[in-house]
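See the structures that follow.
Shared chain: chain A. Partners: chain B in the first complex, chain C in the second.
Take a look at the complex of A and B:
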């Protein structure tokens, strides 16, 4: 009897150990750090709510939030439209379908650092292929990464290129669950392709749309590698994402308490955004 | 979270007490050459001191050696001796009481004054008046230049002053038939990352100001004409497109492919250049350009790495005796020979032993001559933040021309002073 009760606990023990070590301990420790000043070397010093006071007076943090928002505004719609378009295309009976599905997915599995370095070459002001291509048509050089008004959008385009394959696969899975008889019935009623897409496909794949919106929102909020490798947050802090800023506070300057405060505050913002998205995007199919 | 987990693992592994009989542990930098040097020296020490053996270990792998040391400090698993401490980090550890004050050890003062100039001793003296670090190695930042490009524009010698450099820049600038710049006089990394300023603003500021301070006696010391001149000079280079704003780091080596004619770098460039340079490519090194009215020998940043003894050391006397051996003339020579890094000693260009090396390696000679005029970072707990403030203004002023050099220096100085008052 006793042995039977113990077995389930033993079965979940590896995950419990993982959870305690890598999730609950760091989260609890970070929570404690929010009320302390700690540079790792010297002992922790209790400072009450000073980190929060600093946060609400830190204009650079709010700039990094705004930058992240700009990234999300460009990245999420672009990602959904492109992914849905290619998913619908790849859901047709076309030749080499396996090849195309694999090709679109390829950037997802390539390291973010590698993709970033490649795109850095494409975006180069003087030697980049994009500008060379544009100038062949007499179009002036574009400061993809040098112009502070454009740099975040350039990063959003690159991130879309890298991640879109994953969302294509998700949409494809969603599209394949739509029963064929609905389209047949619509055909009998004389519905156009657009009407079928608008009134059958979209409502039927709503759970997938919701999942893609949530995943790309969370992915977008975690924007880090691209600006870290490509621009370091510049020009003029225009690509400084919130996570990059938190990383700099924590690992450049060892303001561990402040970085924890920023991290929790930022997690709260993500939570609020996800709740709002859930309210507006998720509908019963 | 990463730090929290590292700390936990280091703490778990440190659950044993140190005893006087415990062997001392020496951590070196983890590059191949320094590992070889460390192993050889410790092997010899252990042979001669079987009762006081030392364990050699390169600093464990981590994202950076700094993070590894931090985690080790928290977990109390620091080595007895660490041989790769950036001078700018020492004050934080000293303030936290993690380091042994070396000037309290017998014979330390005689040793350091016989090895270094008094200016170096002053440079490494902590705010509390003690010395926690032993100056060991330097890699001065100098200007590497493409001899052939400068010959092509009629220069037999590299430019020495700002005006000469700007005139050369105009001649070197090259644009292709489509209007694309294909050659510049140099390259400065436009990233705002604080340590990037070790390769542009900081060495140029040191050169212009005769080794001036950023922070002195707890106050801002860079709100002066030298900082403004440095900003103005670098800004002119960007304004006139003599330096590219585009990052060139992700392409073929811009210097060796002659896309840029100079670079501000250290002696590590020699082995890289010799390995990858195209046939017929000639390069040399020169001090950094200085303001036109400058008289004397220009200083530069030395990328100083020093040795510290942590308070976890079980036998400080043995550690100190070992350090005296490791930094002996014979071992400094061995260090130079194996690693091509310069030991920070005052007789580097007067001692016949070292001169012999520089005769055999003439490319290292300019660095050896420069070694008399290098500075390490100032003593301050908030040095990284100071460099970050300067870097933010550097980007706004020098790279994007949004503010004047005067405004940039004022803003950086104001922000730094506020930090110092906290």
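Take a look at the complex of A and C:
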């Protein structure tokens, strides 16, 4: 019978090894690195709290935070409104629903690299599709990626286009859980469409809204390939994202200690932001 | 009338999401001079841009690398996740609850913390510029474990008890009895894992420097960012189209499964 007692431990062994090597060791090591200066090649050098001092005086750290904030302010509401709109549209007796779902979902499955290369052309100043479209209506060309006030917003719009299909599907699933008798009861009371939406639909799909907010927030702090390919973080660092900045410090300048400090702070900020959002969404329900 | 407006809006939406891809394909076969005016189809299409991509970068080698890495990761994740999910569902052992909480907690840990030290680990293990460096850190997936655990809960325990009485070992029960009954979970985990690793770029960019080991998204990224595309739009778009093709083909066959899998992973987050 000794064999049967060993089997469970054998089965979970891969996870235990993985957890020790690739999770707990990195977290501890990253914590230690925060107090050191290290370029991987030379020996580690203890520098106390210097990395923290540097961080609080690093304008690029704050710039990347501000950029992420701009991204989230554009991305989250846009994502929720568009996804909800199309989900409500699809939540009727219509034909070709499979076709529409598949079409909206297409950008979700395609690599971010493809989407970014494609949108770089759409956003092109001289001959990009968007500016050609605007010109046809006599509107002046827009410097989507050239204007430092607009560049992050442009990336947020692109990210919305890429991800919103997933949220259309999630909202649609959420809408289908709302029991019909609630609407019927509201009809008897003479409620308007808006009232039904505001007081029945919205509270029922609140968990989905919260999920969209969280996933978009994590996405905002994880932006990398979009600015890396499109703008390299420019113009004037206006699209420098959190992960792009960690990447630059770590793999461009080989400031491993400082890059770890950035990683820790960004991770902490993500968790704090999510807790605040949770409070906010729950109160709003 | 209301129906008509609904269909009109839904169709405009479909055009907004699909047309850019159509334009990309069309521009990738257009001569450079036509791209800036292109709306639907080019006047004189040619595969010139594609042959330039093939000449300039080892794109087929990269395709094979991506297929190899993503397949091994997917097989590994399926084996390990189902094993750990099985242990969590049907077996008794010390620290079972603790293990479950650790898995869930680990899933919420932002990767920004572990990125730098994981790279250092890969350097110390001598796995920089090797397939192992791309594969090993991705062999375990918390989400995969959770999906299998959830699914195994729906399978009646009688089935397992009966097999145990017949003297079946736990590994045999898992792979010969549960696997054939857990096809939906296997498909979900397989699609999520394969897609995730196929589309991953940041980690390959950090770990791989040798061109012959690069994955497809990495190679296309460096091609688009570096000077080798010589700022020719058509060539960049051809490279992007080649990168998109495999997953779009897979999507067109298994569209329903892709949507279901992604939606269920969203729910669990």
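The working rule: the second predicted complex is superposed on the first by the 277 of 285 C-alpha atoms of A that agree within 3 Å, B and C clash if a C-alpha of one lies under 4 Å from a C-alpha of the other, contacts with A are read in each partner's own complex, and residues count from 1 in each chain.
Going forward, a residue touches a chain if its C-beta (ideal position, glycine included) is under 8 Å from a C-beta of that chain, and two chains touch if they have at least 3 such contacts.
All values derive from a computational prediction rather than experimental measurement.
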Put the two structures on top of each other at chain A: do chain B and chain C fit, or clash?
-> clash
Could you figure out whether chain B or chain C reaches more residues of chain A?
-> C
Using the superposition on chain A described above, determine whether A:139 touches chain B (first), chain C (second), both, or neither.
-> neither
Should A:275 be classified as contacting the first partner (chain B), the second (chain C), both, or neither?
-> neither
Does chain B (first) or chain C (second) touch A:235, or do both, or does neither?
-> first
Partner chain in contact with A:127 - chain B first, chain C second, else both or neither | both
So, A:256: does it touch chain B (first), chain C (second), both, or neither?
-> both
Could you say whether A:117 touches chain B, chain C, both of them, or neither, answering first, second, both or neither?
-> both
Answer with first, second, both or neither: which of chain B and chain C does A:21 touch in the superposed model?
-> both
Could you tell me if A:267 is touching chain B, chain C, both of them or neither one (first, second, both, neither)?
-> second
Once the shared chain is lined up, is A:81 touching chain B (first), chain C (second), both, or neither of them?
-> neither
Could you tell me which stretches of chain A are touched by chain B in one complex and by chain C in the other?
-> 21-22, 25-27, 29-30, 40, 117, 121, 126-127, 232, 250-251, 256
The chain B residues in contact with chain A across the complex are 1, 3-5, 7-8, 67, 70, 73-74, 92-93, 95-96, 98, 178-182, 190-194, 244-247, 250-251, 384-385, 388, 392, 395-396, 399-400, 402
Which of the residues in chain C end up touching chain A in this complex?
-> 3, 6-7, 9-10, 13-14, 16-18, 20-21, 23-24, 27, 35-37, 80, 83-84, 86-87, 91-93, 99, 102-103, 106, 108-121, 123, 137, 139-140, 145, 169-171, 195, 198-199, 201-202, 206, 217, 220-221, 224-225, 233, 236-237, 239-241, 243-244, 247-248, 251, 255, 258-259, 262-263, 266-267, 269
What does chain A use to touch chain C in their complex?
-> 3-4, 7-9, 11-12, 14-15, 18-19, 21-23, 25-27, 29-30, 33, 40, 86, 89-90, 92, 94, 99-114, 117-119, 121-122, 126-127, 129, 161, 165-166, 169-170, 173, 211, 214-215, 218, 221-222, 224-225, 228-229, 232, 242-243, 246-247, 250-251, 256, 259-260, 262-264, 266-267, 270-271
Of chain A, residues touching chain B in the complex = 21-22, 25-27, 29-30, 39-43, 117, 120-121, 124-128, 132, 135, 141, 143, 145-146, 148, 231-237, 250-254, 256
